[in-house]
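Below are structures written as structure tokens.
First subunit A sits with subunit B, and in the next complex the same chain sits with subunit C.
Now for the complex of A and B:
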């Protein structure tokens, strides 16, 4: 780097600011907003073209998606119900994202959490509220355990955590599938009124379900409030706590953090365990909340919520407020896809729209980043 | 326990095991060869799964339209490269996070493939077997290696070709340099992100072809769950193999064999729990990586984006 070798008078470094004036903040914000809108529009346009090419009507599809997520009576309650686990998974992911540890196995951690929570919820007797609390705690612990395997292997043998978390998803789904096949684990006892006795757990009893709030015909479980509180807590942790600062330090530059006395192993493991616990908790909330699987655990129960929660965190760039907003829109897409059947277009199109939106939302920050780099580079070039 | 060992014995002496192992390993190898090149250049290419799946659907579609296996395979390769172009340009032109791009691409390809699959419902069938005379008579493994559907044979020349490309050409040297130390490579005049994009394109070509082979050589028709995480196992094979061509192929063969055990155990008359057996390849992968991966070293800049002037 030649500019570092040449000693420069201090006055000269102020010069480039004068020659290339920094663009106004307002204009920058306008450009960014325009880019976001443009990219979202492009994603929707591509989805519309795909629908149109296969002979569907894109107007009908979008209006069905809107109806299903917001407009039709009782639907935004459904959207909130779906958003709850997404937010919880994403908040956990945000924590390990800050710490620079990669966890992409939320789907598996969520399944383990649900499986253990089901066992507790169905087998444990006693007063309802106690069972609910136990079930949520056990779910979180199970998720943490499943993520703990990955972090243990990472710090013990330096096995890449991307790989282990990913592979453990399938293992989790096979194990819970097995548990749903044997009587002494999760399989519901045989009853005359049900002809199919395949891989389904007993239903949670009435008093072990989370209470539901009803606002103008939209009902959602009470956990929605707790989840918003959780987002606030994570936000404060990131902004105001030493712990959050150390996490961020570790994520930005592990070596500097180590020199400053932040143990990579300790904080990395913590981040991973919390992230897994959040995924497990999300599973337990799904089970006891009632918006998924009607209080029963089945092999397809997780239904990509773990993956989607991960995408929520990545799109929201690990920001708690962004997570709540993005989770609500993703949940809307999922709730809306239930209304697609009437339009004659396959419901998989909602997956396509979702993925295109994710890709589209990646573009503006990347372009802004590159522009900033270019500006910085040209500024240094002017100086030398 | 004795039953377990006799089961293993029965499986090991059964020709079907080797045949099946070879077919699974071939799919993994198609994908893993490209992934090796991509990872050598510094991309941990999660969208491999999507590339294979895209190739699989395109293969079925090509067969549906023209009734020719060759056209199907060409379609598969093109679609694999198309998926790769998104990954390459998003993660190494815009420098967006490569994992996010990969995950979103996997979702996107799965969505589009299952959407089009239900609206088009392509009809396809497996390619015919082609027995290479002479060598196919070798006991135990002859059948596995030389009496297979013909698209499988494409993987044989690909292994040495990829090795030659990576270790005996200027391009390969540059790719490896870019994966080890992008700053130095940049200073010596190599376009870092261009080499990375090119290596992802190659991953797209080979894994797309792998997807085509899966549908047209092995299964015969497309379903949504046809790939079912095998792209991820291919990534595991690359890590298991320590980023060397020899090790990667060894990994593919090992994981292919484990997968084949799962299918042959019931046919030779041994009852084992199917869920736990399905999980076996994944557990074996984790265990083997745990005990062998530390002996090797990953490309130093693996999964790190390159922006000139940063770091």
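Now for the complex of A and C:
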């Protein structure tokens, strides 16, 4: 390179404004909150108009949503039950996102986790608590294994992990579907409770189910508490651990990280394995918790929880505390949507309403992200 | 030949008179005169930073001069932008290509055209030009599949398509193999001799100036120092003119009696360690802080970037690696940043072998690095200033893998004060800092883990004058404190000013080594241009 490089930046940095003021955190938070409120209000307004135009009662729709998620007896317990796997999947996603590795195959990892956990839960025998612990561990390991395939292909042959994690969902779905067809794997033995030869596993025995907590008629599995603890731990790992620090370094600048001793392969693989383990664990928790599939594994068991968990992590911008809040909101929408059918509003319309609300939660983080990028970019452009 | 001569002595194709241009406090061009004649290749020789490129950018309309006049074919005019320049028949082949890789050659050539265009005609035109000049470029080839040499020929076609009367080449051979350079000069000859165009060849390579040009203008520090017919020049003469200089205020060059021609004006304030450090002489007995032996390494593209490089750095000394850029400097930095493995050779720090390419191996062994491009491997823009101060050795403030952000902030605040870093605070994002302050953060961090060796790659590039001075002083302090410093720089001035020992890097190996006190500028200039490479090989 030659001389043109030297003078121009020198001239730039000679300007008096050498240091850009760091934006105040409080103000940023205020702006973000305002954006969320605005977007949700807009979504509600548009929803109301759509429902009204199609001849429905928007009051009834919103009231049903609220009833289904919180107000009706026992409903917020249900919401918590749905939120549990969402939080676990999202925490895993936050970890791999931090390390700059992409995992969008949580749905498949969750299926594999559930399938293996089912096998252990149904076949192992022995004292209940031991079985529970084992099925959770095996579920997590199975999820990690499934994500590990993608990770291995990535570092062995540079196969993009976006593709492999995504495509492995289909493979996982086929494998677990097959396992549910043969009785030496997961298919329940023919008994009176399995009248037709459909694909369904045996039910977990009573002592291998997670205990449930009951508060004022709202009941949810005790894993809820564990999950909140997990969020706190991840939060601390992100904030205070050398490991979290290095993960972030890797995600933000892999070359700097490598120079500072962070091996891309090692840390990247770890991130992917943990992310997969979380998805697998989420599946095992769903199975043993009872809010999904009545303690049985079926082909439709995952029910998009893996995808929704990914979405939760994106909306919460990988912040562990945010994940708990967002997961609860998404779970609320899921629980509430069950009550929409009773309002007489057509299914298509109620789906639009739900989608609008999800969209309202997605727009602010996207705007914030783009703004941050722009600012960082313009700063670098000025200064290189 | 005859008509060429007459053309040459007539009105020049372009005449620049008293061109001055400064960027802030830096004067890039100071009252420069230059005339390009038809039918002649005019060499423009000078070090990095001598003002060659700025001058050419004035000609092409990328830079507006502060003062001075431009005449094209005897007619005074202003060149406002490259379009304007193209309209007057001036075209430039830039050092860095601007080609779109997924597109084909002819598509690249047509880029920027407006209105209707005829693909068949465009293809035919590209083929014609290629044929006429013997460029051997396939109009339908995808640019992404082509080698650097062929890409340059595509750039040349882009220029020639408009049939310019004045062609400018900016460091054209920096990416070429010797064979490709030879072909390029053949093309130049053809364009000049048979078509009576004027060509300006910007270079800092002596041999190609001697080989390819008819006349040569030598620039130094923004001014023309010499102008002559190439036939009357020889390599030592050009080298002296290129690197020889007036007394530089901050350089001890004169104090050490280096430059014979200078007036005895500079003081006798040379640093104590200069005379103490024996350099090469006693290297047999001491263990070097850093020892590289016969390093052979390849870049990502498979080309050999380091080819048998060996160098020692002892504690308390500054070893300057001089050399024209692109001769392995960035590979050397990458190697010492644990970013690159080697095919052969060893790296030892304080007598202990270090495995190249293993993440963190070099920094772990005590090799600190101020990288050439700090944004690529020296910092994380999205992290805070405090975090950037602890990227390498977060362990220092952590127990059992847990660190306390409050302690980090505290330590960072101390470093911010010690290194006079201008920032809103330890929690400010790193990207909010100016270039000079970012560089201070990098230096502060690299010194904070008590390194044995500090590798400084182009440490002052892109900094303003004050920041350069600060960085220079710090580097000297670092060496005085006992650290071995490897200074990799393409600024010869910087090398001469700081180093105790100078080595010359050429095509991935060290082809010359001399004590600072023994530096002969003429010889150094020759080495920089690669003369003597065969002898060393």
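Here are a few things to note about the model shown:
The rule is short, and it goes like this: the second predicted complex is superposed on the first by the 301 of 384 C-alpha atoms of A that agree within 3 Å, B and C clash if a C-alpha of one lies under 4 Å from a C-alpha of the other, contacts with A are read in each partner's own complex, and residues count from 1 in each chain.
Going forward, a residue touches a chain if its C-beta (ideal position, glycine included) is under 8 Å from a C-beta of that chain, and two chains touch if they have at least 3 such contacts.
This one's a predicted model, so the numbers in the text were calculated from it and none came from an experiment.
In the superposed model, A:73 makes contact with neither subunit B nor subunit C.
Looking at the shared chain after the overlay, A:206 reaches neither subunit B nor subunit C. By the document's definition of touching, of the two partners only subunit B reaches A:351; subunit C does not. By the touch criterion stated above, A:189 is placed in contact with neither subunit B nor subunit C. In the superposition on chain A, A:125 contacts neither subunit B nor subunit C.
In the superposition on chain A, A:239 contacts subunit C only, with no contact to subunit B. Overlap of the subunit B and subunit C interfaces on subunit A: residues 376, 380. Within the complex formed with subunit B, the subunit A residues making contact are 50, 54-55, 102, 104, 153, 157-160, 162-164, 166-168, 170-171, 174-175, 177-178, 181, 307, 310-311, 314-315, 346, 348-352, 354-356, 358-359, 362-363, 365-367, 369-370, 373, 376-377, 380. Within the complex, the subunit C residues that touch subunit A are 22-26, 28, 48-54, 57, 95, 170-171, 202, 325, 337-339, 359-364, 369, 375-383, 387, 390-392, 394-395, 398, 401-405, 422-425, 427-429, 431-438, 461-465, 467, 490. Per the touch definition, subunit A reaches subunit C in the complex via residues 1-14, 18-22, 239-243, 245-246, 248-249, 252-253, 255-264, 375-376, 379-380, 383-384. Taken in their complex, subunit B has these residues touching subunit A: 44, 46, 86, 90, 94-97, 99-101, 103-105, 107-108, 110-112, 114-116, 118-120, 229, 232-233, 235-236, 239, 273, 275-276, 278-279, 282-283, 285-286, 289-291, 293-294, 298, 303, 307-310.
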